[in-house]
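Both complexes shown next keep chain A, but they swap its partner, so chain B is in the first and chain C is in the second.
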Partner chain A sequence: LAGAGGGNDIQWCFSQVKGAVDDDVAEADIISTVEFNHSGELLATGDKGGRVVIFQQEQENKTQSHSRGEYNVYSTFQSHEPEFDYLKSLEIEEKINKIRWLPQKNAAQFLLSTNDKTIKLWKISERDKRPEGYNLKEEDGRYRDPTTVTTLRVPVFRPMDLMVEASPRRIFANAHTYHINSISINSDYETYLSADDLRINLWHLEITDRSFNIVDIKPANMEELTEVITAAEFHPNSCSTFVYSSSKGTIRLCDMRASALCDRHSKLFEEPEDPSNRSFFSEIISSISDVKFSHSGRYMMTRDYLSVKIWDLNMENRPVETYQVHEYLRSKLCSLYENDCIFDKFECCWNGLDRQVGFCSIFHFSIVMTGSYNNFFRMFDRNTKRDITLEASRENNKPRTVLKPRKVCASGKRKKDEISVDSLDFNKKILHTAWHPKENIIAVATTNNLYIFQDKMN
Partner chain B sequence: MLGRGLKRKLSDYEESMAGLSSAFDSSRSLPYPLKRQLVLNMCLTKLQTYKMLVEPNLHRSVLIANTVRQIQEEMRQESNQQPVNICPGIVPSSHSYTGMESSGISLQLPSGISQEESNCCDLRSVEDPIENSLLIVSDDDMSSAISSILKDLDFVEDISPPTCLVPTGDDQPKFPENTGLKLEDDRQDLKGAECVFGSFEISNSTSYLKDLAIDDIFEDIDTSMYDSDFCCPPLMPPRSPSLATEEPLKTFPSCNSSSANNIQICRTDLSELDHIMEILVGS
Partner chain C sequence: MAAPLGTGGLTEETGQEKQDTQEKEKTLPPERAEEAKLKAKYPNLGQKPGGSDFLMKRLQKGQKYFDSGDYNMAKAKMKNKQLPSAGSDKNLVTGDHIPTPQDLPQRKSSLVTSKLAG
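And now, the complex of A and B:
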């Protein structure tokens, strides 16, 4: 994609990195989710300590036309606290599993954040004025003796330093026995779904004391359990349609108009197993860790341990495209099973705009991105069929320098600048990535750092 | 050697497992049954470790259990096909061997996994060093390992869809009519029945039931009454007489540390506890 290529190729440059520099990673700082809002002006991250940090893109500086605005901290708040469930003697982790933004309706911004058990609707609002000139209060807040008031005045609003406040508006609790892995806002912007390992619930954003169960795959006898729900998402345009993926590599599309409990899918997407690749770990690596609809809603993308697959909603029996993320790991599966890396849940994302206006024409470009190990992340251009591996690292990253493509040497002689599989650092994993909805700006989370890359503007 | 996923203190056992899994990955000459045995041992070890956790990861447990089932099925088919049953792996030995950690590895699976050879009548040659370190696991052991981890994952205090919860205060939930969602009546009845047992809890006693053998002893105790998904008509009306519920409410502390939203759940908890106590006491 980068380097020598046609005019359509994006050249990615380092822009910013957020987070602690030292190698000793504090557990609470581990980033667990990254999400741009609908305009791309705000970028939210959630971490293992239950905090949400929102960055805001500064308005484009007219004089600095060669780079887009930088992202600076806009708001930080504690979304979830650790809880203790006394009945079950269990600690409920405060780690933020997912953040989803609502589209902006007024001056305030709203987002949903969830941990394993509870979803919260947060309102983020700005305050840049404050009333001054009260009659009964001094400026410092002390109350005046009413008998000393001789004249009356109307308080006026005066500007103050910008203050960004986050307040929890709704708390949606007690609807999930198992751990919540996904939340997805419906295109009606009134309802949303939350999915745990065995159930999916439908909520109304205004109503917190009840939710409707729309999928339940818990068997009567838990010993018969062979499959769990791994991710779920609403269709971007059809408010009665959603999909959920499973640990067996299947995706089910459900229509809520068909019945109240969507136990029967409308469509089942599954690719038959390739017998030549069969191993003891076949099922484990087929488990889908993320599912994302394309903006048009015509396609969906799934991520399993070794690959990214693009599905056409009209074709259930196999994906239309498959991209290998790190095929060289296929021969290392036993070791990856032993150290539990095989259970890592990588996310994936589509590029923002589906179209870009070129010099003479409007062309569609479609790129998907996902993370890997050693702080590498991968991009696949669906039109040119080219792919690239880039690294998120503080070294070798100067602003506005194009990132150098990386290459992993699977076997045999290692060329210069290549990295052999055995030297990959499996502790450095990129699980969460996000693409700006309108521009070629991407956010890539390493364990505790957030990297922002932009395409080189000439 | 591949980097570890998490920082942890490596025991000798874990080091040997890492050595074996590297051997699995790199060696093409490892016979298939041995590879299978190695994977099986790893799976069972993981399941055993998860059992010790207060809250095992359901996703991982299911994936590992499925892998064990797959291997189990394969081994069953093999033993059905062959008139003389052969199983790989034999008596553990402390031979040191070239190419591997020479710390005198005798892989001991955590207690509870039987070392008896239930299917075996013919022993393989003892020359293969890797074979020496693997123990046989019987079919029964595999099944009981799977079932015990999955049983433990059944949170009996299962909050089924809370459609039977009493709405708080005067808030009449106004679900917009245009979404067209209606709960079917029979579904509601089902949930009503479930709600009786919905929040009853048997403490997850994995902390002292480490031994699989002990699990087997308890297998025949009927816990179906405490299963939240078991739908039978309640023995008592779901809403106990208010006197019985009010009293315990005053003395019982809040069920968990989150907000007052849970008070309504506690109320249901208490009436269930009351109900169960009466059954147990036999009044």
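And now, the complex of A and C:
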């Protein structure tokens, strides 16, 4: 039964790991995005080489009640290729910045994937039958000599091994001068937005040759540039509302009903800064790397370099909750600036739909998750205010063995099992994590491996 | 209906924290100490932190280009002299440096299947 706070504390166990074991990571294999679809049955990853890999959850085996279905490869395809903009002599990376799934409307699945410049709508469909018995063709495709045909037959569909095909249905190109950092599908399921450093465009999923510009923060004189757009998302329920975050730590909420160009925000969320604490690093570490609405749409979460903040949409002047991800890094900012880690863009996510726990009480647990260094990732339970640090590592490989919490020792005497800040591996970053929309299954991406963890089922 | 104020989670100012801040005023807070370290190493670091320089660098991310017009004109000007090469950091294109064919990394074909699918 539910405990006093947040349901039972979830006990996370290793389930699967995907990807190469060797430490020598090819650039193309660096995972750049991870996303579950709306049912959680499919899990997509994008990488620096422009490839998408989709995993499908096995149907639950009724006899194997101790674990949920495993994720196996369902489809993989090359979404984007490297390109060269000849006019500007610019190289366009094929790296997949974001994948967003459309809700399923028919037998096929659809997702949007984007690199720096071009968004593509991919259709993933299954084929498990093929026509056989053509009159003019042999089974292997060769044409029959018509003069040898003496009788007619009706071709029929016969079962075949399942084939999953991915085909690009729409290509939304040439609308972004700068680098696309976000795409977000509207709750109307007809339109979506794409955001680059200075502009946000609104598209219709059916129309590829034009888009509406809804936000433009490019100054007339580029030398006056003081902030850029870092992330954007549509509200989950209100189809005219979206937010975008900036490199200065602000979030603007805009309403498309107010005007065609949403340069004037409806709300501005900003936490006042203590001027006495200001340093060279203040603005850099305040830059928001991700913004995510809660499922209800009442709250939104932002991630900056050192913390995760929860904002109530009704309160603009400060967040309602702040969680420190790795505060011990504050005294390492100089070296993190020198090795560029201070510019790492961590994402964050909410747990899946709130669960009903217990007979007499409807309890909603709310947990947020984000990554850190040394292949650590963190979870914060908003109800109990407890937090946990876990590690994605092949050493914790036994299924159904609960993961051991990790602890970083900031200073002073290091206890047994703690790791000191100076021993952290800053090349092992967890930037991308995802939570299954309905179950306690999480996907955590290290540099080139994808880990899947599940809660221990009783 | 006014929303209830959040409890502020972990950032609530308590009496204890105020006292801690006062104690810290005697020594530099960690962020300022780190800033001092950085300025000691790089005294010429831009006066406006987090301003235009960073943002312009961000906007130009990935711009590593070869322009045959620039390249040929530079070659003609230089005649016998060698074009300035990229040096050790081939990812950085600054100043008068004109990328030469040798500077550009060989593009590796991405036709190999992802190892996640292996």
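Going forward, the second predicted complex is superposed on the first by the 444 of 458 C-alpha atoms of A that agree within 3 Å, B and C clash if a C-alpha of one lies under 4 Å from a C-alpha of the other, contacts with A are read in each partner's own complex, and residues count from 1 in each chain.
FYI, a residue touches a chain if its C-beta (ideal position, glycine included) is under 8 Å from a C-beta of that chain, and two chains touch if they have at least 3 such contacts.
What you see is a predicted model, and the numbers here were worked out from it, not measured in a lab.
Q: On chain A, do chain B and chain C fit together or clash when superposed?
A: Because the two structures are overlaid on the shared chain, the partners are seen to clash.
Q: According to the stated criteria, A:270 is in contact with first (chain B), second (chain C), both, or neither; which is it?
A: So A:270 meets neither chain B nor chain C here.
Q: Considering only touches as defined above, state whether A:255 meets chain B (first), chain C (second), both or neither.
A: A:255 contacts neither chain B nor chain C.
Q: Is A:45 touching the first partner chain B, the second partner chain C, both, or neither of them?
A: Touch partner of A:45: chain C, not chain B.
Q: Quick one: is A:339 in contact with chain B, with chain C, with both, or with neither? Answer first, second, both or neither.
A: Only chain B is touched by A:339; chain C is not.
Q: Let me test your reading of the model: by the given contact rule, A:331 touches which partner, first (chain B), second (chain C), both or neither?
A: Touch status of A:331: both partners.
Q: Of the two partner chains, chain B (first) and chain C (second), which one does A:320 touch, if any: first, second, both, or neither?
A: second
Q: Touch check for A:78: first (chain B), second (chain C), both, or neither?
A: A:78 sits against chain C, while chain B stays out of touch.
Q: Which partner chains sit in contact with A:18 here, chain B, chain C, both or neither? Use first/second/both/neither.
A: After superposition on chain A, A:18 lies in contact with chain C alone.
Q: First (chain B), second (chain C), both or neither: which does A:439 touch?
A: neither
Q: Using the superposition on A, tell me which residues of chain A are in contact with chain B and, in the other complex, with chain C.
A: Shared contact residues on chain A (touching chain B in one complex, chain C in the other): 88-91, 178-179, 197-198, 222-223, 225-228, 247, 280-281, 283-284, 287, 331-334, 337-338.
Q: List the residues on chain B that touch chain A in their complex, please.
A: Listed in rising order, the residues are 1-6, 17-18, 21-22, 24-25, 35-36, 38-39, 42, 54-55, 58-60, 62-67, 69-71, 146-147, 150-151, 153-155, 157-163, 165, 167-168, 171, 173-176, 179-184, 187, 201, 203-204, 229-230, 253-259, 261-262, 265, 269.
Q: Mind listing the chain C positions that touch chain A in their complex?
A: Residue positions touching the partner: 2-3, 5-11, 29-35, 37-39, 41, 45, 49-52, 54-56, 58-59, 61-67, 107-108, 110-118.
Q: Mind pulling up the chain A residues that touch chain B in the complex?
A: Residues 83-91, 118, 171, 173-179, 188, 190-191, 197-199, 201-202, 204, 206-213, 216, 218, 220, 222-223, 225-228, 230, 247, 256-257, 259-261, 280-281, 283-284, 287, 331-341, 343-344, 422, 424-427 of chain A touch chain B in their complex.
Q: Going by the contact rule at the top, pick out the chain A residues touching chain C in the complex.
A: 18-20, 28-29, 31, 45, 47, 49-51, 53, 73, 76, 78, 81-82, 88-94, 116, 178-179, 197-198, 222-223, 225-228, 247-248, 277, 279-284, 287, 310, 312, 314-315, 318-324, 330-334, 337-338, 385, 448-450
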